[in-house]
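For reference, chains read A, B, C and D in written order, and residue numbers begin at 1 within each chain.
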Amino acid sequence: MVAPNYELIAQDGLETSLLEVSMGPHHPSTHGVFRMDVKLDGETVVDLKPVFGYLHRNHEKLAENMSYLANMPFTDRLDYFNSMTNNWAYALAAEGLVEIEVPERAEYLRVIMAELTRLVNHVSLVGFFVNDLGALGTPLMYAFREREKILDLFEEASGARMMCNYFRFGGLRCDVPAGWLDRAREVVDQFPEFLDEYEKLLCENEIILSRTQGIGTLSRELAINAGITGPMLRASGVAYDLRKVDAYGIYDRFQFRVPYGEVGDCYDRFMVRMLEMRESVQILRQALDGIPEGEIMGKAPRVFKPKPAEVYGRVEGPKGELGFYLIADGTPKPYRYRVRPPSLINLTVLRDMCLGQKIADAVVILGSIDIVLGEVDR
Amino acid sequence: MSELSHEPLLKEFPDACWDEAAGAVIVPEGRARVMAEWLLMQGVDYCSNVTGVDYLEAEVKEKITNDAGEEETVTRTEPGRIDVVYHLYSMRDQTGPLVLKQRTGRENAQAESLTPVWRSCELQEREVFDLFGVDFKGHPDQRRILMWDEYEEHPMRKDYTEPFDYEWEPTPHDEILEKHKKGKVIV
Amino acid sequence: MSFLGGGIFSGMAVTLRNFVGSYFDPDRLTTNDYSWRPEGQLPQSAGEYPREEGEQLSDTTTVTNYSRNFPMLLHDGGDNPMDAIRCVACQICERECPPQCIYIEKDYDENGKFIKRPAVFDIDISVCMGCQICVEVCPFDSIVMNSQFELSTPNRFDGLLLHRGDLLKSNDYYHRIHPEEAKARDQRMAVEKAAKEAKKKAAAEAAKKKAEEKARAEAEAKAQEETGDKEEEAQ
Amino acid sequence: MSFELVVAILIATVPLLAIFPSLFALTTWLERKALARIQNRRGPNKVGVPCTRIGLFGLGQPAADGIKMLFKEDIVPKGADRLFHLLAPILALIPAMLVLCFLPLDFSFLAVWDESVAKDIKAVQGFALDGAVIFFFAITGINTLSVFMAGWASRNKYSLLGGMRAIAQMISYEIPLVLSAVVVVMMVGSLNAKEIADAQVGWNWFVFTPWGLAAFIIFFIAALAETNRSPFDLPEAESELIAGYFTEYSGFKFALFFLGEYISMFAISGLAAVLFLGGGEGPGVAGYPWLAVVWFLAKIFSLIFVMIWLRGTLPRLRVDQLMAFAWKFLLPLSILNILVAGFAHFIPQGNVVAKVAVWMVSLGILYAAAKGLNGLSRAEVKPREYKYAQ
C-alpha cells in the first residue's frame, strides 16, 4: 500500500523536484480513456495514481430497469473484445435462478465460441502489448489478420462481428449455419501455424526479452490476496483456472493443460497467454470433433420471471474471472445486478508493480494487465 | 468445486446468523474484520466480489398466528437497509463460495472495510462507497472511483433520481421516452 | 543489451517473408479493398460511395448473408404493402427494446375501431444497437434484421429516424439478403400456420360436435318431455 | 567571379537541393508502402492523378500530405516560447541540408559543353574539402540543439522528456559513430570524402574487411540512434511520450521536422556508403560517370530500406538500456576495433591463408569482446520453460 521510501536526490546546491505527468485520458497507450497520474523523478516512477470513470455509464443501474433478456446485449458492451464469454457468464448466472437444462449441442457450441473468443482476445492483447513496447504495429496487424478470420465466423453464426448477443438462457439464439463447423475447423487448424510464426517473431527477440523480464514482478501472495485472476494470476504461479476448478458447462470433458509462470513479470504474463492459445486450440479441436446434432435451446420459459433468489455465476473469461451476481425478486427485472469486472480488479496492483520502474515500463505493465475500459468503468 | 461450509464459521462466531434464503452469513455489527481475519487463517484467501444491495423501506405482509390461535395478516414495516455482500473463495483448497453480508442502515451507512485483509476489496469497496454511499471504516484510500469527486449523490441507490440533464439536445429518441413516461409500460 | 542472438534476425526473417508474401498471397492481406474493384466483383453490388445528395438509401447493400444491421418490417408482397403488412401493432417489441428506440402507434379506422396494423412505426437508428431482441420477441415474424449499411445522412436528427415507409421491405427482399434465414423462417411459419389451422379445424369440429351433441341431447330431452306429456295425457 | 564559376556553383548545388527533397517525398511513400506490406496491409494506393481513379500505386500521397500540411492550422501552445518554437524546425532542417554537400555526388558530367566548367564544379563541390568527414560530424551535432529547442519551447512535459532523452541519446551515440568512422580515416589517411571513396575502387570496399565489417555494423547502429530511428526512437516514443519533442507541432513546422529527419537519414546513409560501401563505386562507372550517382543513390536507398525493415520488426529499447548499450557495449567495441584494424593493417596479407587468418582472428577477438561486454552490461535474459498444471 505505502510507497517505498523514495529519497529524492537532494545534494548540496543541486535540488530536483518531481515531475507530475497526467498520462491520459487521451494517450496512445492507456487502452482507452484511462488516466494515470504519474510522478516522475527523471524517468523513474515515484508515485502512480490510476483514475477511473471516464467511460462510466452505470451499466448495473441500467440492467435493474430492464428485463433479464433485454440486458443480454448490454453485456456485449462490457468487454467489447469478448462478447461471447460475457454472454456466457450472464447466461450462467441467470440459469442458476431458473433451472434450465442446456442441450448438448448448445453446450458444445458455447465452448467453441468461448474458446474462439479467448483466441481473439489473447492474440490481439499480445499485439497491443508489443505495440506498447514500441513496435510499429506489425505484430498487431498479424494478430488482426487472424482475428478477422474468427470474427468472420462469429458474424456467420450470430450476425455481428463483435456485439454478438448470441447466448440465451438455456441455450443459444440460433444454430450455426450449414458448413460453419467445417469453416471453423479450417480456421482452427490454421491457427497453430500462425502461432509458430508469431512466436518466432516475438518470443526470442532480445529487445522484448530485456524489456519484459524482471519488469512489474507480482508475487504469488499479493496476486492471491489482491484477487488477481486469469492469465495474470497464473503468470504469478497459481494454476487456478475456473475451467478446471468450477468445470462449468462441459469443460470437464476436454483434455487441456493450464500453463503457469513462476516469476510473475511481464514476460510471464505475455508467455502464459501465448501458451494458453495453444491449449485453446486443443479444446477447440476436441469440441469440433465431439459436437452432436440436436436442439440448441432448452425448455426456457417464454417470460423469464424467476422466483426470489440470489445467485453468483462466474466464468473464466480471457481477462480473468468474470462474475455476475443477480438478485431476483419475482419480477421480470433483476432487483440487483452486479458485474465482477476482472479488468478493474486486476488494476488494484498497478501501482505496486509500477513503483520504481521507468515510465516506459509503466506503459508496458499496464499493457500486460490487459484491461478494457468498457469493463473497468462499466 | 466443492462447497465451502459455513458451519465452522457459525460455530466460531455464535452471534453470526445464517440467512437460508440468500445463502449468506449475516455478520454481526463490528465483527466483520475479526471474522475476515479468522477466515483468512482458515485458508479463505480469495475475495472475489464485493458489492452493495440497497433495500428501501418496505411494507411486508405476513401471516402470523396470534395468541388466540387464529391466523391473521399483519402489515409490518421493514426498515430500509444496505447490504454489503462479499463472495469468498479459497484458492488453496479450491472451495467456495461463502457469502458474507454486512448490514447497515440507509442513513449514515457504515461498514467495516475488509481491504486490510483482502486487497481485492480495495477498488470494489471504493465503488460501493461511490455508488451506494457506504462509509468503510479502515479503508486506506476511500475516494470516489467512478463518479467525479464533486458529485454528491449515490446513483445505485434505489431512490436515486436523475438530475436535470444539462447536456440535453432534441433527438427523436426523446419523444419515445416521453411516450414511455406517459404511462406506457416498460417491462 | 546486445544483438548477439538469433531472436532479432529470426524476427526480421518473419517480417521479410510477410513483406514478400503479401504480394503473392492475397490471404495474408488484412484489409479488403471494396471500393476500387470493378463492378460485379463486389460481394453484392455495394452502393457507389459517396452517394449523390438527396439520393435515397441504396437498397441492397449487403456484406455477407449473415450480417445484421438495423431492423426492417416485412410485408407479403402486393402493390400496396400496407395491406399485407405482417405487423399488428402489438407493441411487444417496443416494450422489449433495450435502448427503447421503437415508437409505435396503432391504426384506427374512421369509426375508431382498431385495425391490426401500425399507423406509425419509427425506429431511431441513432439509438438502435442492432441487438435483434425485437426480432426474437415478435410473435408474428414481422420484424427482421436488415443488413443495409449505407445509411449516412446529412441530417442527424430526422435523417436517422426511419419511418414505416423506409422500414417496409418485401419478403422477397428478405429472401435475397438472408436466404438461409428467410427460408427457415418461412418453413417455421408454414408449420405454425398449419398447426394453427389444424387446431382451428379441430376446435371447429369440436365445437360442431359439441353443438350436435347438445342438439341431440336437447332433442332427446324434448322427446322425453314429449313422451312424458303423452304419458301424462294418457294418464 | 566569372560566369563559368557561377554556373559551376549552380550545377554543384541545385541538383542536391532538388534531388533530396524530392527523394524525401519518395521515401515517405516508400516507407509507408514497405511498412504496410510488412504488416500485410496495402499502404497508400488511392491517391494518384487528381480527379481520376488512376491510383499510380499511391504515388500522389506525398504530394497530398504536403498540401495538407501546408493548409493545416499552425498551433503554438499558450505559454510556449514562440521564437524558439519557430526556430527549432528550421534549425533541424538547415544542418541536414548542409551536410548533403559532403556526399561525393559528382555532377561534373552535367557540364558536357565545357571542360573548364566541369573542372570548376569538381573544385567547388563540398566533398573536395579536406576535412569533409570532420565537418560532417560537426554539423550533424547541431541537430541535437534543435531537438532540445523543440522540447523546451513547447512547454509540454512529454516534449521536455523527449528533448531530454534526445540529448542524452544523440550525444552518447555520436562517440561510437565517430570512432567507427575513425577506422576508415586511419586506413585511408585522409578526411577527404572523395579520397575515401577512391580508395575503395575495384571492389575493395571497406565493408569487405573484418574491421570494416565491424565498424560498419557499429556505424549503422549508431546512425539509427543518431537519426532517431526504431529501435532507438526514444525521443519520439509513441507509446509513452505520444510524439516526444514534436508533440506540440502541427502543420508545416511538423513537416519541416519530418523533412529534416529524413534528409539527415539520407546524409548519414550517404556517409555510410562513402566510408564502407565504396561511394559511387559500381559496375559501369568507368564508362558512364553519371552511373556513379545512380549507384550512390541505390546504396543509400538500400540502407534506408534496412532501416524501414528494422522499424517494421523491432520494439523500442528503454532509456537505461539504450545508454548502457552505447557506453558499455558500442564504445568499448569500437575502441577495440581501432586496435584490431591497426594490427590487421600491419600483418602482410599476401596470400589467401593469411587473409583468412586475419579475418578469423579479428572477428574472433571482436566476437569474444562483444560476448563479454554483453554479459557485463546487462542481466542475463533468456526464454523460459513453462510448466503446466493438469
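The definition used in the following text is that contacts are C-beta pairs under 8 Å (C-beta built on N, C-alpha and C of every residue); 3 or more make two chains touch, one makes a residue touch a chain.
Quantities reported herein were computed from a predicted structural model and do not represent experimental measurements.
The minimal number of chain-to-chain contact steps leading from chain B to chain D is 2.
Looking at contacts between chains, the pair that accounts for the most C-beta pairs is A-D. In terms of their C-alpha centroids, the spacing between chain A and chain D amounts to 43 Å.
Spacing of chain C relative to chain D, judged by their CA centroids, is 62 angstrom. Taking the mean of the C-alpha atoms as each chain's centre, chain A and chain B sit 26 Å apart. If you average the CA atoms of chain A and of chain C, the two centres end up 33 Å from each other.
Of all residues in chain A, those touching 2 or more other chains are 67, 70, 138, 141-142, 145, 201, 203-210, listed in ascending order. In chain C, the positions touching at least two other chains are 1-4, 8, 11, 14-15, 18, 28-30, 96.
In chain B, 186-187 are the positions where the chain touches two or more neighbouring chains simultaneously. Contact residues on chain A toward chain D in their complex (touch as defined above): 19, 21, 23, 27-29, 40, 43, 130-138, 141-142, 145, 201, 203-211, 213-214, 239, 241, 244, 257-263, 267-268, 271-272, 275, 358-363. Residues of chain C that touch chain A in their complex: 1-8, 10-11, 13-15, 18, 28-30, 64, 66-68, 96-98, 129-133, 136-137, 145, 180. Of all residues in chain C, only 1-4, 8, 11-12, 14-16, 18-19, 21-23, 28-31, 33, 36 touch chain D in the complex they form. Across the interface of their complex, chain C is touched by residues 66-67, 69-74, 76, 138, 141-142, 144-145, 148, 152, 155-157, 159-161, 163, 165, 173, 177-178, 197, 200-210 of chain A.
By the touch criterion given at the top, residues 1, 21-24, 45-49, 51, 53-54, 85, 87, 91, 94, 97, 99, 118-124, 127, 131, 140-141, 144-148, 155-156, 160, 186-187 of chain B touch chain A in their complex.
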